[in-house]
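Before any comments, here is the structure.
Chain nomenclature is as follows: A, B, C and D, assigned in order of appearance, with residue numbering initiated at 1 for each chain independently.
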């Protein structure tokens, strides 16, 4: 029987403030809820789940970067608790992040030995030894790299190899790989898989995080699926099937929780003609009718956010046209879009959406300043009245109007962000992951708001990674892959999760 | 010739930048006014070396020597500018070449020392220097001695224990003695008792310290008391504020001694706005604006120095040494270029030869 | 024609790519232009230029390290004046000179550590924290010297600043030693490696279990050390301590680092380049002095130079970033 | 409930306007311990001295609110002062034309800084450091080592008149403060600047034109600095090329920081900035009146800024 080297039971983690690491008061939203995970020696254990399913958080606990609130972790049978990632690495657990833990301004060897450089006389680094040893380590993985080159000049795949060889240099027994193939070319992915097979032969076990089913079939010995922070199940490779994986990933959600009261009109409000979001991207086209909710689904890196920001004018396009209310909308910019009635709700509200150090009322009127106060002077009365309306409409729970946004809960912050968009009385709403990281009941409030908005004649373009939500809300769904639109689903039957997931993966 | 080099220098530097820049961004440093300044520099460069540049090596031909003058900043210092112009006139009369080096701020001692070193390299035969700080100038004087370049100090004298052989002589007003006379004259005017304030110069400037100390010494023996002493830093702005605040502390002062005419505007403004009357104002330097104020009766007296005398004597002595007529030992170590006590009566003719 | 254009473009890109080459070009340009000025290339003048550059180059070592970690050190002018003032006051108080010099350097290090704590622990912006500590030290120097300059250094000490051995001034040798030590420390020791890493990606330093705060405090401490040495050197050159002797060095050190290719956005820059930048500045001031041009011209030229170089650096950075961005999109396509 | 409610409203108001409370404390200490400090003449004195620095501090707040910095204001003052002298004395232009032209020169210098910061995206600290050097070079080249004494009365009347025994410069300062308060606290433009200072990325996404706004703040600051230079030149009755100088911008920054302005941007309070400028003038007048060693002032001011900086840094910590 294979020897079990790592075991995690009943792991629970409450939502926490990313920057300070301290749990946020007053919410019981869990990122991980009673998760079980185990790993055998010399096995590639794939971890599957959609965005926000808690995969990365679980791995951060194993990697010692964050502590778990409840639950037990056993390594080689002994219970352990890591205070920081250095301790985890000392115990042989290495973490290869998606954004690599390397510095682009220094060369490969110096990155390799960062924080434990071998020193000779007078404390000078033994550079010759460093260059040779690091070259050897990389050669051991079957690759040839000149360790004198600056890391910034290497391709992402080569940088990954440096990170993996660095992990191995601590004779680590477990390597965690978080979305390693996110930005690799086909050839580079094959290179990585051959490397993984070689590591397996050496008895090193690998936890492989991804949501690309085609890769997992190739490489994974066992697959565990997670959804919304819960452990769903584990399958052996022998009886693995895409449908079953997708079912576990997407989960059974009946459609009735989404009441669709809006009826899409047929007058086209927003039309995109052969828009190219990048130099090498294929041109794409889409239309949004009045009173219609159009969904946009795809994998991370498929370019959905880039498309949304290009339409909004926050990002330059590489050709193509955007028609708005039957006129060509040239030289797009956020300011001009807002004037025309196009608003964009950003994916990460803390950076793009809200000013956390300012009050609720100041945030709500931020986009609508010129509309509310054409004279140039802020009239307290007008602002109070409009803010009152918005707080009522979006039932934002806050002690007083000028309470700092940073003190609000995630759900309330998202409602303030939404309120900010609606303050401008928009005609077109572009929503990017509107319900990510929010408690369930706020999610339903937001679904309701979107539906009511469409009912009043607004057209909505919504991006979401949760299939159930997208299907429930939208009348039509475009599928994006590789920076362009690869398909569209419009009638009821086709809009099933299996179908969508399959289309996304392009299987 | 010099103009060409200056242009070439900045052009090559800019070209060097573009080469490293890797882009063909045109030179867009500074505002449009900066281009105007570029032409400006040419005129000033010309004005400085009026004569075409004779051969650059040491003055081989008899009589044509290269004489350098190192002085602190000339802005808002008509006194220093007057010495510099007088020296230039005298040097060019004697057919020699004149080189001027000024520091860009009033206190940059290190820059003055390196400027003197640079002048030595450019082959000056004699040096006239108005030291910013008489201690800091010693190493530069030692360097001149090594290159046996005779040095004459003007306006600000040497520090106490400076080695006598380092300089031929010091021509300047005896700031100390001049201030003592001013103090005595003021004590007389005040009938031997009263309260007086002093507006000092920039900290650490030898001339400024000597004038303040001299004035205080001059008052010993009388019961004229110095009630307040604050620095005006040779600038009207600071002098104005210092005077205003001193008037607050003792509104009934009878006399003010300003260590230089450059601060008179500020002091007069302070006194006007404080509404204080009949305050005896004495000053030092005897600049044009100082003498004018004495003439108008707003300032009672100023101790006029004769920068022109300093300039003339310095060049005269240096030429004598260079031509071998005299040696350094023939001159005493201090030549007083005299100080005139300018009051309303003699203000008229004092104005003529005022810088 | 096509081939040659490509080559020159390649040359420019190669030149602008590596900072060392870029600085050599600057220095070559300055010296080439200055060579036309009579007696600029005289051995004694070049030694003078190096001596004048030494007081810029030594503190520039500390400033380079600060700039690599996206910070800056403007307290050089304060330490250059405060350290020697303490030395001369102690010496006149009868303490043996060697002890006073040591104490002066300790005071420099202490001031640097204070800067580091203010920046790393308290979180004050580097440029305002170092400027204010510089002003405080300047104020204290003025109070001790009662505004004036103070002398009283032993004869041997002033020999160091002005004396020379085999024609080479001592200051140049001290500069070479300090620059060599600084370069070795930054390029060849593990701490140097971590300073570069900190300038590029602070998360990695934390991930490796090292404390960025301690590293920052050490960097500014080293900056104080080198500024103190430069202060003693300058005071030995002037044989006195004048409260404003350090003023122009505050900006010259920063200008030297920028001329030497240290980028304002952190992560790049070397000690040797900054030293070359210091030589470039000293050469420029010397050349303009020899030409007899007003010092204001120097300010005009240096001011435009700084803005021009930083503008070029920012443009290069922006072009790089834009390439990476499209690189990323192209990559996503075939993912 | 209502009593505790408006208690903490008062408390938060005091906490926000702490610098004004400090000013009151400083003046109180001054009246008690420093002779003649409490006299009417001295108050007039301090107001007269603080008028120009208050304007320069307000000019600096326009730059600080978006998280930028301007080290070249001292040299804008010199350039404007000397051009003022030339225009009045040699060219003998009518006073109001001179004032207009001077304001234009200031705005042009500010615009140059703004261009480099916004278009070339160079950090504002380096731009103003370099432009400071250029401006001082220009001022000294244009002045050709001369300064202009005894400005004509019709020109000086602009700032020498008195209304109810208060110098008119005080009213100018109050007018500038009022305008700045309206722009920064009550106008849409001020609300946008504050948003840019707190979170530039979110403000851009909300449609605020960052480049245009930051450019305008540099132009306004340049204009106000020129106005301050005119006041100083008239008050000193001498147009000289080294008016202002290197410490000028840092005194403005000090007054702003003591007045609660955050250097990271977003937090500005005009009345407190004026209080900051007055506090600094109080310290200076103590030193002059008590005839203390003048160089203590530089050290004391340095330490005062340090304390204000540490408080500002800690306050920003929980942002």
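Quick notes on this structure:
FYI, a contact is a pair of C-beta atoms (placed from the backbone, for glycine too) under 8 Å apart; a residue touches a chain by one contact, two chains touch by 3 or more.
As the structure is a prediction and not an experimental result, all values here were calculated from the model.
Of all chains, B has its CA centroid at the greatest distance from the CA centroid of subunit A.
Here C-D and A-D are compared, and the pair linked by more C-beta contacts is C-D. Computed centre separation for the pair subunit C/subunit D is 31 angstrom, with centres defined by C-alpha atoms. Centre to centre, using the average C-alpha position, subunit A and subunit D are separated by 46 Å. We define each chain's centre as the mean of its Cα atoms; on that basis subunit A and subunit C are separated by 43 Å. Taking the mean of the C-alpha atoms as each chain's centre, subunit A and subunit B sit 70 Å apart.
Shown for subunit B are the residues that touch two or more other chains, namely 29-30, 34, 37, 41, 44, 104, 203, 231. Within subunit D, contacts with two or more other chains are made by residues 130-131, 134, 137-138, 140-141, 294-295.
Looking at which chains touch one another, you get A-C, A-D, B-C, B-D, C-D.
On subunit A, the positions that touch subunit C within their shared complex are 65, 84-86, 101-106, 110-111, 113-115, 117, 119, 123-125, 127, 156, 181-186, 277-282, 301-303, 306, 482-483.
Note for the complex: subunit C touches subunit D at residues 72, 118, 122-125, 127-129, 131-133, 135-136, 138-140, 142-143, 146-147, 247, 251, 254, 258, 264, 294, 296-300, 302-307, 310-311, 314-315, 318. Per the touch definition, subunit C reaches subunit A in the complex via residues 184, 188-190, 193-194, 196-197, 199-201, 203-205, 207-210, 267-268, 326, 328-335.
The part of subunit D that touches subunit C in the complex is made up of residues 69, 116, 120-123, 125-127, 129-134, 136-138, 140-141, 246, 250, 253, 263-264, 293-303, 305-306, 309-310, 312-314, 316-317.
On the subunit B side of its complex with subunit D, the touching residues are 29-31, 33-34, 37, 40-41, 44, 73-78, 81, 104, 203, 228-231, 235-237, 240-242, 244-249, 251, 265-266, 268-269, 273-274, 289.
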